[in-house]
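Note that chain A is present in both complexes that follow, paired respectively with chain B and with chain C.
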Partner chain A sequence: MGNSNKTYDVVVIGAGHNGLTNAAFLAKSGLDVLVLEKNDYIGGATVSRELEPGWFYSNCSYVCSLFRPEIYQALDLGRHGLEIVPLQGSVTFSQSGDYFGSYHHSEIRRREIARHSQRDADASIRFDADLMKWCRLIRGMLLRTPPDPTSFKPRDFMEFAFLLKKFHELSEDQIYQFIRFFTMSIAEYLEEYFENDLLLAHFSGGSIIGTGLGVYSPGTAYVLLHHAMGDVDGNVGSWGFARGGMGAVSGALASAFQAHGGEIRSGAEVAEINVSGRTATGVTLASGEVIKAKKVVSNLDAQRTFLKVMNEKDVPPDVLTRARNFKIRGSSGKLNIALDGMPKFPTLPEGSPLTLGHMHFTDTLERLERAYDDWKEDRWSADPYTDTLIPSQYDPTVAPPGKHMMSVFVQYCPVEAEGGWTPEKKDAFGKTVIDQINDYSPGFKDMIVHAEVRTPKELEEEVGLTGGNIFQGELTLDQLLFNRPFPGYAQYRGPVRNMYMCSSSNHPGGGVMGAPGANAAREILRDLKRTDTTPEDFGDD
Partner chain B sequence: MHDFTKTLAPSPFYDRIVAQSQTQNWAHWNGYQTPRVVDTVASEYFAVRSSCSVMDLTPMEKYRITGPDAKAFLNRLVVRDVSKLKPGRVTYVVWCNDEGKVIDDGTVFHLSEGVYRLCAQHHQLDWLRLSSIGFDVSIELETHDVAALSVQGPTSYSVLTEAGISGLETVKPFDIVHTQLDGFDITVSRTGFTGDLGYELWTEPENALALWDAIFEVKKRGLYDIRLIGLDALEMVRIEAGFIMPGWDFNTAETVIRDGYDRTPYELDLGWLVNLNKPYFTGKRALAAANKQPLKRKMVKLILDGNKVPSGSFIFDRKDGKNIGAVMAHSWSPILKRAIAYADIELINGQVPKEVSVEIYYQKELAWKLHWARAEVTDKPFWTPKRRSITPPDAY
Partner chain C sequence: MTKNLSAIVIGGGHNGLVCATYLASSGVKTTLLEARETLGGGLSKQTLRDGTAVPGLIQTHHSLNDKIARELKLQSTPCEPLPTTLLSTSGEHITLMGDKVSGAGVSARDISEYRAFREEYLSYGKALKSLMLNTPPRLKHFDWSDKTVFAKLGLDLRFGLGKAGLNEFLRVAGMNLFDVLEERFSSELLKGGIAADALFGNHAGPKTPTTVLPMLMRLFQETGSTASRQVAQVDNLAGQLAEAAKSAGVEIKTSTTVHSVVMDNDKPTGVMLENGDILNADIIVSNADAKTTFLKLVGARNLDGMFTHRVTKTRTNGDVAKFFATFDATPKFTNLSQNASSGRFLVAPTLMYVERAFNHCKYGEFSEAPVLDIHLTTLDNGKSLLSANAMFAPYNLKQGWEAGRAAFEDKILDILSLYAPGIASQVACRELWSPTDIEKSFHIEGGHWHHGEMAIDQSFMMRPVPGAGQYGTPVPGLYLCGAAAHPGGDITGLPGRNAAKQILADLKGRR
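Now for the complex of A and B:
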């Protein structure tokens, strides 16, 4: 037990990757920082666990596409053991026995698109350039605190000017296009470029991942950026698997944090943020232990922060209302599977590199929309959209030699399966997914050594993601930028003094990105009038 | 008969390399056709850093040095004391001319009592024979008579063990063992140019394809991923590992035309190799004198801020300050997410500066832009994983 008379400079609640990022920058500036984690392991949704001896699952997040290279560099994460091995290519299998493969060699990729539609091969040039424009625009905002549009403080004004300037690098027409893009559905957006059904299905999948939206719902086009961003960093190694699974990301962050003198306590659930006279003074653990701190930072999602660990009487009524209304319904499940060997996909030619990337089994927009319809009715999709990967093909650390580890992200899976989850329903959900894979990979079922099935219920109970929402809150315009989590609270400062938020519920949102953690650290250091240890955006000029 | 129809010679592994090359993107190395990129630079780089890479090392210049005076000859040739190099051990060396300027670098393998192999970057037979006058020593070029593969990466130990090479668990860095694989002789050394766990395998050319197949059979059996790599990926890992390339990062003394364009070991940050206490060696007098003089310039390592890679960049003491040198080899380090570089710089008031400014020109949508990057100056290798030196090695 810690010394109860001690007062920490900062206590961070939650050792998710954002909590750790936040803590590392604060410790780097010389502050005395303690991270408290309820689980016996760190990482939150950025974790690797050995549930079957010899196999390491990335239990939640599984690809590292958004993590800010600036943070990686500033915390020297490579020297703390992180290695992001590039992931290349993707494939969608069609029911007719064909497939569309997106290859990493551009010439092969082009020929493959042309095999399905010559016109689409050319349209993809326009599509890639447009997507890059939007990515570039958003990327410039990731490591910045959003402006408060209702405020006229000089710094906010400068921020606002910065955003406008960013906009001004686009033509007026492009700004209108961007606003359209922000509010469009992915299906309609893609239909402005492509004609082939298989391609449309292939490119739209990423946009529904983690959302409570369907391919025809407005706002899904934007989500595509959260998946395309990794490509924009340009330099080798910006999109891929963390060697050793996603736990390597939190492991390296924890190592950097500890190298700067930070302290982590796991198995230490915070019951309440202590507030005295509208000022946070520390936390009380579920065990009853009180820990004093000059600043308290929450790595929990907005609902958990304002409705669970804060005493409701400390929270202004408008914040309570907004927290209750915060859109944070879970829609995803996950299967992590230990395999006795490498599954075969007979549709693909012998030696095809396409098994090395993302694999999908949904070949039309209609099937994608039907999968969403099930979720709206509180059922898991009978014919789900999955993002399937076998990282053990190039990561020798996640499965024994000759054996494999498969990660299957499943869209959609309801928070409450028609009246609540039962073990039987969970098994049936797992079976639905396994059957689908088996349709494209005969013999697959017989290779399964162990499978971890996760529904939003497990995600909520284990990781503490309210509703099992993977992004800690829907990524729609009403909950993005200066609206995240709510207007007036987008600058990482909480409703009481000395209390801050650093989780994915804050700008720029969900994904293993580290940006909310770093941005919150910058604001805390600013309030303490200390030198900023957080990195500036590389900028691409 | 001299074949003038082909520019480049095939190595004994040629058929396998051509079959595996996705890009048919070739470079030349010592007259051999060598892959520049086999598939993608990224996948090849990460084969070295995350799994297992294979590279054809045959083109490397190799000399067999034997005879009663072999040891004495080598110790007179190189600036390091190699007189105590035991059979079964390898060491890194450079050699200089009488003026103490570096001619080349390489490795000395003490293969068995009195039998040495010298690996060099450049053609050295002329200099070796010149240097051997008065010694009872035989120096033979064996570049084309030894087929060699470099197998590097965290699973290289596991892969080679699975391929049927036994006894590697006791092989320490810079050790050599002679063993057998499927009935033919191979020599294995725990050496490499990657800074990672790795081995180099040496055999007669007639066994080359059998050696290759034994290794890649491990991949076919589905046990480990193994990737053939080309020179572009090698360039990245060797810079990370802190290795320099004579002829690329500095001029070799024999090729210098302009006065002052050659370098002493001290100027290359290789002073630690020079042993002024051993008996006379080529360049000793000049190096002893140089060692007493304050250093004027030095090859340093730079770790840059930001994400721009300095290609052809000048180095300044500060932004818009005094030009003190230029960048030589440079790379993006995917594992550090940093641009890293070697730079040949003048010292400032006799001191190596702690940081410098690098003027980087780069292009975005064809427009040229200028970026000033702060760079930290270091003398340590950029990347040194623990697995490189652990014995027995980890499985991955």
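Now for the complex of A and C:
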């Protein structure tokens, strides 16, 4: 280690799940790859951390649904210890003392919808069918490099032809409906199907997770897909827990990488990407050590990549402007709570399976939208939307026997709380969330052994996500597909030769998906004219 | 080829007049039916309770596209360009005139950036020309004209804008105004003003994604001619259009309300009036909004269930109220020269001011601090008239407009008082038209300025709904020619013109 004369084939900056995915495919093809990680632990935002003895928090990302099964299979992650446990159902509690449970079993689910509205139960058949159609269409685009709409290269033409063909398989009316789905707000999209307030609130929640948008913001209907297109064991739309917490995902990826001869150095922060004659030559660490490499891959978000580790003189001025204008505002907070026992939710019938899934406590579109209005003013939501899970019910490895671990994802939480975060404000934010849960689970507060409160600021400082944005860049139309991270740079290549980008700032974006890492690996192998080790899309059925 | 064919145009708004004129000019025997006493819809003059004559719903507009003015042989009276003043409580107002910004508080960088910004966005507007001046192409079963439109659009975008221009266009097209303006300007007042101007008539705030679209639509109007680069006071556009229609041979009947479209075996044969009379025609063209046309005039029983469902779900609730106040003496605005006290003024001091004003209307409340588009004129009797578009004032006000009317008038006057101290006590007479009033008196469902939200999912080939996006409708022989059709609202005449072209092409094909 640290042999300064050695030149690696590739050095990857950042051991998040995309960096590891990228490195694993490159190592698999026989390249000599080094992954550098600034923290003492690997995984980036895909980690399990023992902050209270006995409890393992997935303290950033918390469920595993988007991770591409193609990657799981190609890297044989099962053999490297990754086990994903499907998680079932979800529930929204209403203020009137009722609840809506979305069960995994479609017939039971429909009966539950009918309990609230028979018309909505009928509409749900149409809704599910439509959503599945869009899921399949989008899923086929995940493991592909977006075409450049301004280019005349045959490759870009071919890629456009591929996309057009996909569309041509739809009927004319379906094409219009797809465009509308892509550009509508989740609330307005759902209102075309449903009428019941509780149902509308329940189904719209997933569309605002991680975004700087509200349920009435155009473009949020698409985000629903982002949270619905994952699959576990071939079940599209299922979510799952990684056994042992999210750290198990990065652990398996690292193990696969190392099995192919890869090398990981943690505690090694990169200060700069070295460039000579418009060609990347390696990196300089914060310690001053220089590491030489034929190719440099950045798994940092677009702003950190272009504005921090690259020297300003190596980046064209218009690209610097684009990087500065990249939208990467954080909007989510999180509470990780160690519990003395299993909290009770008296609203639910005795023995209900609904505590096993996602729990939400906001029952109208208006409450959801008002939560967003707070964020626009740099305040955390006074009445937040939360995605609450208790994974210890499935996975005994994350909490001591008889105890439980709760993960509360909170929307919205500002990057700077009106003039900056202070410990007092952080406590007040945590209290807001805990009080909300306590309203539905009497005695909940007294069960808390330890609670970790995380704001976008911690995500930025610890993990390195600029602005604490969980998707490494907002998922709005102007930052999707060939616009991600910005026009002209959507094909994973950086502004200098031999430099690449593999983070979620690139297509197809955030979530623990692995696709940007795999896509970038494919481009690198292509440039090196080596055999492609990255998987193709499974295709449907 | 179109001889011996007859058409009925329902509604004498400006698009109805434009469409009827084109049809009649091509030899179609055209009858135009208008429910009101006057022609021009929102452009027609109105009278307030105290007898004051006011310009009506629309106070300023860009002049019509050169093409339409030429084709209809309008006597284009050069209209007086109107500067827009963005009001500031500090008295450091900003004036916009064409590409120029002036004002004490504006930096040199903002001034040059404004020019560059206008140039850039006008070039996007120009690149969209073939889409705006034609029937929106269908997205699968292309015919020859669809292909031509696509090809022209593609070429204009790629070569008209260039590689860098196209890249930037594809990025900003999906953005919100807030981020676009934050990227470019430093003056809060300037940003607030640009955003407010673009948003009027829409249910959206600056932070609403895709709000660059309504700005592009509005800027497109400016690419039509040199005169249209300025906002102008409404002169007698309605009268000119009516004259053009008459001289083309359109038979015009005012105070004639259509009750329904008469159907015979899924084909319209004419219309039935409120008084029971039936008028027959080969073609029926509706200048009314989509909900009125399909749900009231045609009726759900004559339509496919899914189509009716989609029409029902279009977003057509207006958010702009119209406020009038008369004064015995000209009201004084702080730090405005006497000369400037007739003109156009915007109250939208910051982007967040506009956004906060919008917040309320999402919940059925009116804005605590509304955004105002003010127009001051001196009346013939020496009195002064202030007319203002005030947003946001939701159609579905929770407390109801009968209960809320006076309170919203007070809010408007409270805000005006910040810029013209003492103005509230000088009001001689005041009147507010809520979106519900506008719905009733102008026969627009929801009282929406543009006959429906100008959002991507309700634009182009999807306006008003897929299946009726090419002016033709699922009812063969029934067409749309109003703002409910592509390219939508404002005073452009484009839906009327494009619809007429489509109708004539269809008739030609039929013969």
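Here is the rule we go by: the second predicted complex is superposed on the first by the 531 of 541 C-alpha atoms of A that agree within 3 Å, B and C clash if a C-alpha of one lies under 4 Å from a C-alpha of the other, contacts with A are read in each partner's own complex, and residues count from 1 in each chain.
What we mean here is this: contacts are C-beta pairs under 8 Å (C-beta built on N, C-alpha and C of every residue); 3 or more make two chains touch, one makes a residue touch a chain.
Just so you know, these numbers come straight off a predicted model, no measurement behind them.
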Side-by-side fit of chain B and chain C on chain A, or clash: fit
Cα-centre angle that chain B and chain C span when viewed from chain A, reported as a multiple of 10 degrees: 130
Touched partner set for A:376, first chain B, second chain C, both or neither: second
Greater residue coverage of chain A in the superposed arrangement, chain B or chain C: C
Chain B versus chain C as contact partner of A:213, first or second or both or neither: second
Partner chain in contact with A:72 - chain B first, chain C second, else both or neither: first
After fitting on chain A: smallest Cα gap, chain B-chain C, Å: 23
Residues of chain A at both interfaces, chain B in one complex, chain C in the other: none
For the chain C and chain A complex, residues of the former touching the latter: 138-141, 158, 163-164, 166-168, 170-175, 179, 183, 207-210, 309-310, 313, 315, 352, 355, 359, 362-363, 455-457, 461-462, 466-467, 469
Chain B-facing residues of chain A, complex: 69, 72-73, 76-79, 83-86, 88, 104-105, 233-237, 243, 341-342, 393-397, 401-402, 538, 540-541
In the complex with chain C, residue positions of chain A that touch it: 149-150, 167-168, 171-173, 175-177, 179-180, 183-184, 188, 191-192, 213, 216-219, 318, 325, 327, 366, 369-370, 373, 376-377, 476-478, 480, 482-483, 486-488
Touching residues on chain B, where the partner in the complex is chain A: 22-23, 40-43, 45-46, 49-51, 154-155, 158, 162, 221-225, 305-307, 332-338, 364, 369, 371, 383, 396
